[in-house]
Amino acid sequence: MSPGLLYALAGMLLFVMGLAGFALLRHLLRRLMAFNLVGSGTFLVLVGLAQRPDGEPDPVAQALVLTGIVVAIAATALALVLMRRWFDLTGRTRLDGEADE
Amino acid sequence: MKAGVVTVLALLLGGILAPVVVAVASADPGTSLHTLVQTRLEASGVEHPVTAVLLNFRAYDTLLEIGVLVVAGITGMSLSRAGARAEPELRSTNTLLHALARWFVPLMLLLAAWLLWAGSHRPGGAFQAGAVLAAAGVMMRLTGLPTAWIAPGPMLRLGLSAGFSVFLLVAAVGALTGRAFLAYPPLLSGPLILVIETLLTLSIGMILLGLYVAAAQRDGADE
Amino acid sequence: MTLNLLVAGLLFTPLAWAVVSLLIGFRAGRWLAGAGMVLQAGVTLGLVWTLTGQGGFEYALGDWQPPLGIGLRVDGMALTLVLLTTLVASACGLHAAGYLEADRPGQRYFWPLFWFLWAGINGVWLAGDIFNIYVGLELVTLAAVGLVALSGEPPALRAALRYLFAALAGSLAFLLGVALLYGAYGTLSLRLLAEAVQADGTGSAALALMFAGLAVKTALFPVHAWLPPAHGIAHAPVSALLSALVVKASAWVAIRLWLDLGPVLGSSGGAFLMGLLGTAAIVWGSWMAWCQTGLKKLVAYSSVGQVGYLFLLFPLTFAVSDRVAELATQGVMLHLISHALAKAALFMAAGNLIWAVGDGRIVSLAGAGRHLPLSLFAFGLAAVSIMGLPPSGGFTAKWLLLQAAWQAGQWGWALAVLVGGLLAALYVFKVFAACYVDKASGDDFHYPPRRLDLMPLGLAVMALGLGLVAGLPLHWMGIGGAP
Amino acid sequence: MAELLLDVLLVLALLSTASAALLSRDLFRAVVLFIAFGLLLSLSWVRLHAPDLALAEAAIGAGLTGVLLLDAVSHFRGRREVE
């Protein structure tokens, strides 16, 4: 088994685990961490699969993942601003438990 | 109940995806972008292939991605209303941290500059450097060093959009001089990429730091 | 040369306007916005003119040809959607200029987010590279979330967080599909992928992941729950933008992927499932719209239903005759356009009505029929297209879809189209019934500025008239990409 | 062979820290595990010959995200949560 495939499979598992966590967890901060795990898993798949059996790394895949990491931190930081403000105004760390209105 | 259903679905998804991942890994795509990057590397103006892809071959992705960062920064600012600026509780009184910060902040600034410079010919670049800058800012903030410049205001707005603006201008100049949008003038691509990266570093650092500060502000309930 | 300038202008204007309006305030941003809209309109018309003259083309950004660089696919469908965006976003922007209070603290950030959203949407219409689609969709999502959260009130924050989480999960599912396709075929260009893909489980699994992600972002039943709060809570012109254009962006990506890769990677089971979910969305969204007590929530649930029609594309283009596939594609695209026009008009008219009566409940609209005839008129005209009555664009779109279903012998989808129209009539009349209840007590109406009626009215007239001139957009959309 | 063993161990460590971060009852602990996950991921990028990503992951993924998350935990802890 090539290292690329190994990490890609690990990434796939992380994706599935993170998604399950995303569906089950209710605490906003935990959901955010689950989202980041899903992202990391996706990035591992992207780079792992782009690596050829001879071990040559693919600069394009790496550039894509670098873009992905920056998008992820932007989304994470934005989500944190939103949830901290939500917490300040309502004292709650989760969204469910009340109607939309 | 719900946990069980989700677990079963997750196992199912994993069971479907695992053979797909294995199949893709063993497949041989006819084309390889890797060799294409190598053959065109010289024309890109930088020696490091990842930087060449990010700032030249696929610069449009990067432009939009910086846009995503700026949007996050804007939204952060829009939610941190005027008022609570320098909050005393944010500062740590830990003297060890203070001592560390006096050494660390200049070191981190140096590291950021090195990462930025390295990006043209070896691993490193604007994103890593910007993140280090932001971390230096976080440390300054934690230890109570002056950080008034990061409060929402004209300075911050200018700073967080500077890198994006210069990138966009260079892109437009390409079109105005008869080439495609985002095409660099043939001989200037190296220096232009360095200029763009320098300003991007500053902007990325400011955006990330600005979001940190915006998250740390609170008002309303306390006042 | 001109082509370079036109494409560059299209991409440059909204991004540049976003940055400049960040540096100036909300009031100055209004004037700037006007100039930007004029410029954008000029560039769009220039591109449409080029398209009709010489056909579509692929534009290599930075002069790097795909697969190394990123190509934009400037063809009939994409440009028609760019034109739609210019119309709808301009109307929403002009409405917002008068609708939003200029002096609220966070308001200066409206224009930058608005322009970034516009830039992102245009980017998605034109994208010809699957990773670029991901970045474009993220730009759209974050700008849209920022606009929803703009008021900073708890319900808005809650809706924004739900929206953000759902959209991010959707993006990552899409990105995993991109990773698999890139690993398998070594290219990100949609055009080259369409040439390279082979019918095997790998590609189909990747495509399924991408559709799952896009379904979440488009709020397809049953993953639609994030949409009504987000679209219901935002300022009216923002809701209009979100319902008219933002959900369409991800739907469009699904449509384009399906038209390009579906013939090889699709399966009749998958296509049927998408059609089934679309049908469920039509019924459930329309029913829930009828159940609402809040005006904007009703309009938002109507979007959940209307989005469902777009997914009838899948079964009606898979393994059918070319004629049926063409009819179905035309019907779905025309529905996308007419719904964008009509729904933007509905939201803006609803905003005016709410401004006038001072609260968002449908029962509070009593007496509005006497006091706000123009807003209500716009609401009614747009509703004609939503219900699918002639001569509206909604009618022509449904007519095309009915023909496609008829010729394909797939009766079920025709039934879905007809039931959807009836249910839409129900919730529209619920609003009108409330408006014409005579109110006994005094008149505490606050008249919104007259000019705010113009934008919904203009779009509603366009949605209504679209059916009469449907040949023109259909002709444009028939123009292909690279020769 | 030794290299493959290293990779396998690293992957196992990645998966176990990730699941521990998801399952941990204590929020602070979960965040610390998440940061550890980021550092391990950074090592994985080194193993995949992606030093740019290793740098970015260490600085952004583990470093900055970690600071933001830790800060948020202490913020949430600062005031009693209304259940």
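Observations, loosely collected:
First chain written, first letter: the chains are A, B, C and D, and each begins at residue 1.
Here is the rule we go by: a residue touches a chain if its C-beta (ideal position, glycine included) is under 8 Å from a C-beta of that chain, and two chains touch if they have at least 3 such contacts.
If you're wondering where the values come from, they're calculated on a predicted model, not measured in any experiment.
The chain pair B-D and the chain pair A-C differ in C-beta contact count, and the higher one is A-C. For this pair, chain C with chain D, the centres built from the Cα atoms lie 38 Å apart. Chain D has its Cα centroid 19 Å from the Cα centroid of chain B.
Each chain gets a centre from the mean of its Cα atoms; for chain B and chain C, those two points are 30 Å apart.
The multi-chain contact residues of chain B, meaning those touching 2 or more other chains, are 17, 21, 24-25, 32-33, 37, 50, 57-58, 61, 65, 68, 71-72, 75, 79, 127, 131, 208, 211-212, 215-216, 218. For chain D, residues touching at least two other chains, in rising order: 52, 56, 60, 64, 68, 72, 75.
For chain A, residues that reach two or more other chains under the stated contact definition are 4, 8, 13, 15, 17, 19, 45, 48-49, 60, 62, 64, 66-67, 69-71, 73-75, 77-78, 80, 82-85, 89-91.
Remark: the chains found to touch one another pair up as A-B, A-C, A-D, B-C, B-D. Residues 1, 3-4, 6-7, 10, 13-14, 17-18, 21, 25, 27, 29-30, 32-34, 36-37, 40, 43-44, 47-48, 51, 55, 57, 62, 65-66, 69-70, 72-73, 76-77, 80, 83-84, 87, 90-93 of chain A touch chain D in their complex.
Against chain A, the residues of chain D that register as touching in their complex are 3-4, 7-8, 11, 14-15, 18-19, 21-22, 27, 30-31, 34, 37, 41, 44-45, 47-50, 52-53, 56-57, 60-61, 64-65, 68-69, 72-73, 75-76, 79-82.
Contact residues of chain A toward chain B in the complex are 2, 4-5, 8-9, 12-13, 15-17, 19-20, 23-24, 45, 48-49, 52, 56, 58-60, 62-64, 66-67, 69-71, 73-75, 77-78, 80-82, 84-85, 88-89, 91. Taken together, the chain C residues at the contact with chain B in this complex read 1, 4-5, 7-9, 11-12, 15-16, 18-19, 22-23, 59-64, 67-70, 105-106, 109, 112-113, 116, 119-120, 123, 131-132, 135-136, 138-139, 142-143, 145-146, 149-150, 152, 180, 183-187, 192, 196, 200-202, 205-206. If you check the complex, the residues on chain A that touch chain C are 8, 15, 19, 22, 28, 31, 35, 38-39, 42, 45-46, 49-50, 60-61, 64, 67-68, 71, 74-75, 78-79, 82-83, 85-86, 89-90, 95, 100-101.
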